[in-house]
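Two complexes, one shared chain (chain A), two partners (chain B, chain C).
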Partner chain A sequence: MSDGTTEATEAEAAKAEAPGTAATTPDGTNGTVGTPGAPGAPGTEQAKPTPTLLLTRSPGPAELDPDRARRRRRTLEITLGIAVPLLLLLWWQLAVQQKWIDSRIYPAPQTILEDGWKRLVDGKLWPDIWATLKRVVPGFLLGSLAGYVVGLLTGSIPLVRAALEPMLDALYVVPKLALLPIFLLIFGLGETPQIMLVAVTVFFLIWIQTMAAVLAVPEGYREAATVFGASQWQMYRHILIPASLPPVVVGLRLASGMAVLVIVASEGLASPNNDGLGYLIFNAKNIFDQKAMYVGIITVAVVGVLFSELVRLIGRLLTPWAPDRRGPGGS
Partner chain B sequence: MPLLPSPRAGRRTALATALVACTALLSACVSSDDTDNTAKSAPTPSAQVASVPGCEKGWTDPADLSPTRAPARCAPNTPAAKPLPAKTHIVVTAGTLSAEYLGPIRVAIAKGEFAKENLDVELKQMPSTDAITLLSKGEIDVLYSAPEAGMVNAAKQGFNVKWVLGNYSSDPKSKSGVWVRLKDGQTADQVDLKGKTFGSLVGKTSIIMYPIASVLEKHNTKVTDVQFKQLDAQSNIQALQNGGVDAAWLLDPAWKDFENKPGYAFLGGQPAGEPIGGMLYGPSLLDKNRAAGTAFARAMIRTVSTYFAGDYKADPAFVQELAQILGNKPELLAAVPSLVTDWEIRKGTVDKAEKMFVEGEVVQAPALPEDKLVDRSFYAEAVGHSG
Partner chain C sequence: MTETPPSGNPPPDAPVKIHATGVTRHFGRGTKRVDALGPIDLDIRTGEFCCIVGPSGCGKSTFLRVVAGLVRPSEGRVEITAGTPHPAAMVFQDYGISPWKTVLANVRFGLDIQRVPRKEADARARDWLARLKLAEFADAYPAALSGGMRQRVSIARALAVEPEILLMDEPFAALDAQLRTILQDELLEICQADRRTVLFVTHSLEEALLLGDRVLVMSSRPGRVIAERVPPFERPRTGAVRTSPEFAAMQAELWMLLRGEVETSGAAR
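What follows is the complex of A and B.
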């Protein structure tokens, strides 16, 4: 136990370090209040009653005006979210201006933006964006649905899990792009192999996430449903599906990024109609058109972010009971 | 009034300062020009060209476009090596290491022809579309490829990359080229190619567009009248078999599967006597170390003249050895005729290729003059040709 002098010093240090925190008396005036100290351990010399501090914390801005504090925090987060990439872009631009890097290989962001804008205005970029979306969205929906259904079944029925899990585990580790030639053989040239490639990629992510989520549903939930006489369908409808959906939504967001990644690579290898953002990137590389290549890369990033945000938005609408785990500013 | 700002106020000040700095920096950056690159002129070789024993027939007029022209040849084991004063490391990349057309460079390495020139040649596998950027930056020295759209665009952007050595033309008996699916009762002469779909490894960006365009022209069709599907080598063959594409460019020995097969016809291939690929040099050999570039060309010419001068597949022992060096199967090599190896570059080949690229909208007009893309001075010096 510390003596009173030490505690006073600690209180002062705390006061200096933590704004809004002060050693105060119960009536709010700063100072120390002597209270009877705890008795010493048996057999030791009984000291005089030791004065201790009562530490209180003055309300800060977050407590005094929570709405304003949240708005300021949100502003700060948004500002940081914009400023950090902006700073990186500025460094890139500066590096090109100062000829630290070769602008023919690494065109300046300004040049890329101008080229991208020109392509948008001229209507040259939209067909590639549309072609990629036509492959990603159906593949994503197909893979998500199949993954969710199989995940529910493998998570809830041990025999189905025993039958499918080893095989699916083995297939999961196969590089999905390696399946493209097989899909080309099975489905021929056209959109189907590309859609199937996305679907297979998404399927495994959602399957694993769903199965894990179903297995993690507390046994008590199931028992409660059983006690109330829930049928198999009601068990799914009221217990397993609501409990598993929030983590599955997280999986969907991961899968949305993977879907875009896979389709871009696939279009670079074999685009059925010589279109799509992947074709744009790889063809631009083939013809040494670095500006177009970077326009394609940035467009993929933007499409990927928008797609992921759309999935998150839909996920939030589908699972209003899920906890919102975003940061303090809510951004 | 406090002398020191509160942490919150300090954070605000820092943030505001950073944003102001960013804005100022952005204004400064966007106001100036960053596209001041201009194409370099072709460097002129400074070395005095001396006659080279054994290479009296080592040069043909580039303007001679006769399909029956005999390719330039030196006597076996000539031109004699002229070792560089210091050992020089050269990095060469190629899209594949086992194809037959890699034979001369791989044999040159295996037989020590580069070592005789005091060159340490490292051959790496890399797609030419990736390697052209490295070649332009001088991070690799030689690219085994062709004057394709990427190379032309790199040169147009001011990079010093040039086609310096040819590789081969097809034997007249070879049927590597455009193969088409025939409809009932059609013959090769009657095929209407308008609106057809072509399978291609690299689409409109490849030099192969030039011979494809020649074939199309014979059938009154333009490049813009057909569609190209970009497929890998295996998918190309499968697509032609299952009807996914109407026509495809088939390489050695893939065309053997379609020879004498009902329903397929060979329409034409690489122009006789005209190489359309070979070695590209970058700034490291074109600007910084031309002597090494000449030594490399000399070793290649000596290898071709010694081992690949004629029908090299007539010797089963050499086919066996070549297959071993390439990591290929002897029976596959023996199944197709020998390549007509040729280190020279014909006049007008890049002009015709550029015309195709411009029509295919993968290179913007105007086309570059030939001297911005071709440099014959290395092989000229190696065989002792002056003027």
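What follows is the complex of A and C.
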């Protein structure tokens, strides 16, 4: 977008030296008009006209009609966001129809969509979606709450940090899926192992993010509160919690993706009632039902996007002061 | 070492509010040790408006932070006679106000900390917002304010708790000259209306002479008090004293003193 700072270089000016030629930037708002120093100078080398530049900084579309520009920008972004995957899908469809790729391994998008739609209206997909959500949402809530509390404490109390950080660091690097067998041993075969696995994954992400955010709170904010005589709790309530929230919201979005990833993998490894999207995908692969596999994958993607958007929305409501970093068309 | 000079107002027999003896502060250890401050011996009386000027890096902020209780002195002690455990409010040069609070909530901050009931706190905060001409921005976030407005929020926040001691660390340094003049006059008016004990750090001699009952000049680092002057202007003062001949004379005299220090601190680097 035009930002009103277009610079005219000597080279640009030289290009525009012919009388009556105006060099204009593509959006036509910020332009450079070069006029030769002496009229009729072109061709006469020895005259060496020093071009005078007329630089204009005028309102662009975003300034003239902000609402319209914003709407257009948003439409463009959404269109792009839909068009790019759509093009890829079309290309895939074409590739299958032209037999460039094997439709037994890569069923055509059309086939997948038809199959997915059938499963949806037959009601065969919902139980799996529901089973996965029942594991992912409680696990996510549990893990993020615990991670946030521990992150606040380790971030704000040096002795707690000294006591816990090395241990948590060591646990952090353990691949969480490797914990599934242990959780199965501890919690038995119910839903608990899966929920705990999601919780542990989210916990570490949020803990590290929260601790870093609290440590990054500028000293000046705390000092202002200290001089007024803030208690420890008031320090959390007025300074540390709000100041650390924006980066923690980013962490929550990352964690929501990780949570979906982990639950799908763990359902593929061991699903208590043979349900869940992970089970659907891995089972479909075992029985060579490629269509079902792709339907499962796409459903996981949709669930993941919706989950992450929900977290983003809640984050926006929690941090009304934070600038929305979604660009000019952002919602 | 430094004896309190007589001055018309506040009454010279007013009780001592802040009593500093042999205060020093250093940072770091070994070869990295920096002697930032002192030794400082100083008495500030109740109701006195005391200005501190000195070359940058001489320890003015450090002294203020010692008084505020944000850092401890390395040696010596500061004794504050106060009615409450947290008698001071501080106006910081930067990072004063919280971006996550609205202007009103920022001004109410000290009152919230002191658990003043919400209704009363809101009323007092709004009153100060009005006095600093910020009323219409009560519900805005600081991100939407100009630098001068943010600084006024930070001043309103400090004044709203009606502190016994007001600590101000170059509060107007980041402002343009016009705005600074306006805010100086406003501060003069506010401080004369309800006499508080004020410790005001500035690098502007003009500001110090205009506002202060007493002006202390600090040496280059480690900062000590090398001179003090009592601006001979009766209170209530107005911004008009800026144009008086005594003002210019004293400003020139202090500048001579300060200039020497600025040059030594420059040469030391």
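We take it that the second predicted complex is superposed on the first by the 276 of 331 C-alpha atoms of A that agree within 3 Å, B and C clash if a C-alpha of one lies under 4 Å from a C-alpha of the other, contacts with A are read in each partner's own complex, and residues count from 1 in each chain.
Going forward, a contact is a pair of C-beta atoms (placed from the backbone, for glycine too) under 8 Å apart; a residue touches a chain by one contact, two chains touch by 3 or more.
Please read these numbers as outputs of a predicted model, since none were measured by experiment.
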Q. So which one touches more of the residues on chain A, chain B or chain C?
A. B
Q.
Contacts for A:N283 in the overlay, against chain B (first) and chain C (second): which applies, first, second, both or neither?
A. first
Q. When the two structures are overlaid on chain A, which partner does A:T319 contact: first (chain B), second (chain C), both, or neither?
A. second
(Q) After the superposition on A, what does A:F228 contact: first (chain B), second (chain C), both or neither? (A) second
Q | Which of chain B and chain C A:G188 touches, first, second, both or neither | A | first
Q: Go through the superposed model and pick first if A:A108 touches only chain B, second if only chain C, both, or neither.
A: first
Q: Using the superposition described at the top, list the residues of chain A that contact chain B and also contact chain C.
A: none
Q: Flag every residue of chain A that touches chain C in the complex, lowest number first.
A: 218-221, 223-230, 234, 238-239, 242-243, 245, 319-323
Q. Which residues, counting only chain A, touch chain B once they are in their complex?
A. 19, 76, 79, 83, 86-87, 90, 93-94, 96-97, 102-105, 107-108, 110-111, 181, 184-185, 188-189, 269-274, 279, 282-283, 285-289
Q. Considering the complex alone, what residue numbers of chain B touch chain A?
A. 6-7, 15, 18-19, 22, 25-26, 28-30, 32, 34-35, 37, 129-130, 132-133, 136-137, 148-151, 153-154, 157-159, 202-203, 205, 227-232, 234-235, 238-239, 242, 244-245, 362-363
**Q.** Of all residues in chain C, those that touch chain A in their complex
**A.** 65, 68-70, 85-86, 88-90, 92, 94-101, 109-110, 112-114, 141, 143, 157, 161, 167
